[in-house]
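What follows is subunit A paired twice: with subunit B in the first complex and subunit C in the second.
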Partner chain A sequence: MNTILANSLNEIQKLLAKKVTKLLLFSAVIIPVLTKILVNNLFLTDWMALPTENINFTLLDLFVTMLIPLYIFIASTDLFTGEGERGTLLQVRPISRLELFVSKLSAIGILTLTVLLAEWLSVIISSAIFDNTFEFSSVTASLGAFIVSWFPIIVISAFAVMLSLVIRSSVLAISTMIVLYLIMMFIPYLLPSTLYLLPSTYLDWYMQWLGDVSFRWIIQTVTYLCSSFTLFFSIGYYMFNRKEA
Partner chain B sequence: MEKAVVITGLTKQYGNGRGIQDINLSIDQGEIVGILGPNGAGKTTLLKCMTGLTSPDQGSVELFGADLQSNFKNAITPVGALIGPAVAYENMSPYKNLKMISRLYSGITHEDIEQALCLTGLTSYKDEKISSFSMGMKQRFGIASALISKPRLIILDEPTNGLDIDGLLLLRKTIQEISSKSGVTFVISSHHISELEKLCNRFCFLIQGQASFYETRNQSLEDVYIMKVEEACR
Partner chain C sequence: MNKKILAAIGISGALMLGSVYSISANTSGYDLYKEALKKTHSAESATLNFNLKLEDNKKSLITSQSIFKSDSVNQVNSISTRMSNDSEVSNMNMYKQNENWFVMKDGLDTVYKMDTSKNPHHSNTAELKDDVENLIDVMTKNLQQQITVAEKKDGNHVIELNLTGKEIPLTANALSTLMIKHAVMIQDNNDSDGSGFHIKADFPELDHDITVKQVKLTAQVNKENYIEQQLVKVVVTGKDKQDMTHEIVLSADLNATDYNQTTVTPVEIKADKVVEFEHGKK
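Let's look at the complex of A and B:
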């Protein structure tokens, strides 16, 4: 088996053994179902004025801007800082540092994509069951929105991995990531010019793909995402390659 | 005779002045080499440099003819190692841990995993979480993880740490059996002179980062060790 693939499986297995991963996957399935039941059958009659798609994208926003970044911080801290603390990060195995680094980052990426797809599936099924206004024609656009949301998430993952290699304590690493993320979310209110320089800005870029698509804006965003991913990946790998057991 | 290990001019110095200096060492296939030295002499540093866990400042390490720096995967594939405390994902069972290790090698079967667990006396604990293990059982797992890939060179750093008498006897028997049946090379560091004396056919004394060798057994190993330490202190 290809070494990167084999070790990605190992890293996914490690993350799946954690309660937080199971909880996130469970939330991705249960939150859309509960929301639909609440909106359509209980007291939230005012919400019924909202089109189904708006509720679906609000659910996507909840995961993309809050739950998934929080999970990324926990997972990257566990796979890098935590393993460094426990002495499991570097072992005598036939895998190069680059392969090890890529497979750990891939594992986080694959799990976040799985969460997004599980959420999308849950949203679609619960919409089909509970929403009177549900239309099958909206399924493709909805899937597209969930999938494109994954790309800025990968950039946030590379950013979190880079930070987890700089900081040697798990507690400090995760708190720093949360504080930095909150700063990234709120600083544009104080300094509007920084808005497009922050990777957190692009978490809801799926909105750009709905309705009239501005290709200029899309190209600019893709260029930003690729270059920031390359920057975070390179710094992260440089730090990882210098680590000694 | 094929060379299992060739170390040339290996130097690694830490900020506190400790480390190893200009180590030259050649080990033939099938030898069992014991590394002896006081605390802080550089035994673990030497073994870490031999396995790529630490980069040396100078010098080179060749394992079965493959250079560790430039040809890492080929050099490290035939090596099994237990360096420092046993490394494991503690919220998983020994079986799952070994299964994960097996994915990184070709041809390791379910039977190989079972055999490694059996050799280390962990068969009846194979589905328990490692977090519930005692230090000795964790050490047994560490040895199983070094044996799982059926390596041609096994590097063990203080393998008897935390082992009970049963574990100690089982380890000694396993090393002797593997060495005589498969011609596997062993490099073992330990504080227990008597344990190494029973197992090894060549010794490397590492004192203040410098290496010297002893091959014959005209004198007791303890006497030679004391002599070497005194020489180094003069």
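Let's look at the complex of A and C:
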């Protein structure tokens, strides 16, 4: 367990050294502030009173369905395909293949959770400063929504990691992921029956948690998220295990 | 080791497909309503009682009661509407026969004729409908799970969708707010015009802090999958120029009876009293 933790920190440091990670963390803080300033001082808001919480959730949507998946694609390509290309993926280290695989994946998971929490803090603070209708009672609900959003993101991470192990070239890997993600976003409009099969459908599942949550629905979606994570994880690990040092 | 991984892949794959199947089956309320709407549209004839009520801070602005009889086999329709606000009551009868609409208003001797054969709205193809249906299916995926269905003892289903505040999608809220604001402005422009064909509601001029507070839809679907009753309630709040808060409630209540059993008898229209009236033009 300690080796996983130690190597996760190591992988996080690698990712933090990248410009794109810094950019994402920065935008997680600055975008909510800018949005709040804009919304509260724009001509539109003279006459429109959109629920504050709604705007907060739209900000969450932007990150959960666009920026974070994009970042996941970059990070997993870098940690797997990129290192494979550079030959640093499977160096002699006192760590088993499984531990290495888990720690790389959890590095991505920890960073995305950090981004979500940073965004939540920024949303809440800027909302408290700029919104007249800010209510303290909504703080816990929105924290819940941000944390709940993390689970489908982990599934997308496992999916991206799986792809990054199948494809050998970084450029090809990242472009395949983006194209596949766009396809996943739009294919349900043509074939509605595929909707619930795609992991991208569940990215905004926090919306379901806002109203009256049905117990049956929780079991079904949690089963989906767990099983699809296991599926992508096992396929990814299988590919990773077969790689020759 | 490999066997374990393959087993994990197999089991999780099966579980995933199982959960997808059960989630897809969840939207029964939405599907039930959609099917009922389609079936209702395909009915050959029906009698609809349609009541509309608009209230501002619990004070009635306008009410209307309509009885709509439709017979799509013989292409004959009749609508009789009674509209009233605080001070006035107006009755209006409309008939569709021989491909034309005829409008008769209480107290007026003339009959207005609207030619609908030139109506461009009839070019809907089935293909387009399917595309729109797919679009709506996907766009409302988060709302679909909020629709509840309850089965009553007599076999009817009650479908309900109740959205308040933050549950209403931001874009929908913004768009309807925009429309309300525009409607107020257009009404301002039209005030001097005074065509007097309908009774005007004394609609409060919302100026700021406009928001859609609640949208509620309740529908009752009978055993034959026809919609028997449908209630739509929309609550909008906002403030006028004097900073007074208004809560405007629109409720539409539809009761449908006599599916496929309604007969509409064409009325006699005296040709010398007919005036051509082009929709949308003066």
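Just so we're on the same page, the second predicted complex is superposed on the first by the 238 of 245 C-alpha atoms of A that agree within 3 Å, B and C clash if a C-alpha of one lies under 4 Å from a C-alpha of the other, contacts with A are read in each partner's own complex, and residues count from 1 in each chain.
As a working rule, a contact is a pair of C-beta atoms (placed from the backbone, for glycine too) under 8 Å apart; a residue touches a chain by one contact, two chains touch by 3 or more.
Everything numeric in this text was worked out from a predicted model, so none of it was measured.
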Clash or fit: how do subunit B and subunit C relate after the overlay on subunit A?
fit
Should A:Glu244 be classified as contacting the first partner (subunit B), the second (subunit C), both, or neither?
first
Reported in degrees to the nearest 10, the CA-centre angle with subunit A in the middle and subunit B, subunit C at the ends is 160
If you stack the two complexes on chain A, which partner ends up touching A:Leu9: first (subunit B), second (subunit C), both, or neither?
first
Residue contacts with subunit A in the superposition, subunit B compared against subunit C:
C
According to the stated criteria, A:Ile95 is in contact with first (subunit B), second (subunit C), both, or neither; which is it?
first
Now for A:Gly87: first (subunit B), second (subunit C), both, or neither, which partner does it touch?
first
Least Cα-Cα separation in the three-chain superposition, subunit B to subunit C, whole Å, stands at 12
Output the subunit A positions appearing in both contact lists, the one against subunit B and the one against subunit C.
none
Note which residues of subunit A are touching subunit B in the complex, please.
1, 3, 6-7, 9-10, 13-14, 17-18, 86-88, 90-96, 244-245
Counting only contacts in the complex, subunit B reaches subunit A at residues 48, 51-55, 72-73, 76-77, 79-81, 83-85, 87-92, 96, 100-101, 103-106, 155
List the residues on subunit A that touch subunit C in their complex, please.
46-51, 53-55, 57-58, 188-190, 192-193, 195-197, 201, 204, 207-208, 210-212, 214, 216-217, 220-221, 223-224, 226-231, 234-235, 237-238, 241
Listed in rising order, the residues of subunit C that touch subunit A in the complex are 1-2, 5-6, 8-9, 11-13, 15-20, 22-24, 26, 134-135, 137-138, 141-142, 145-146, 165-168, 170, 173-174, 177-178, 181, 206-211, 238
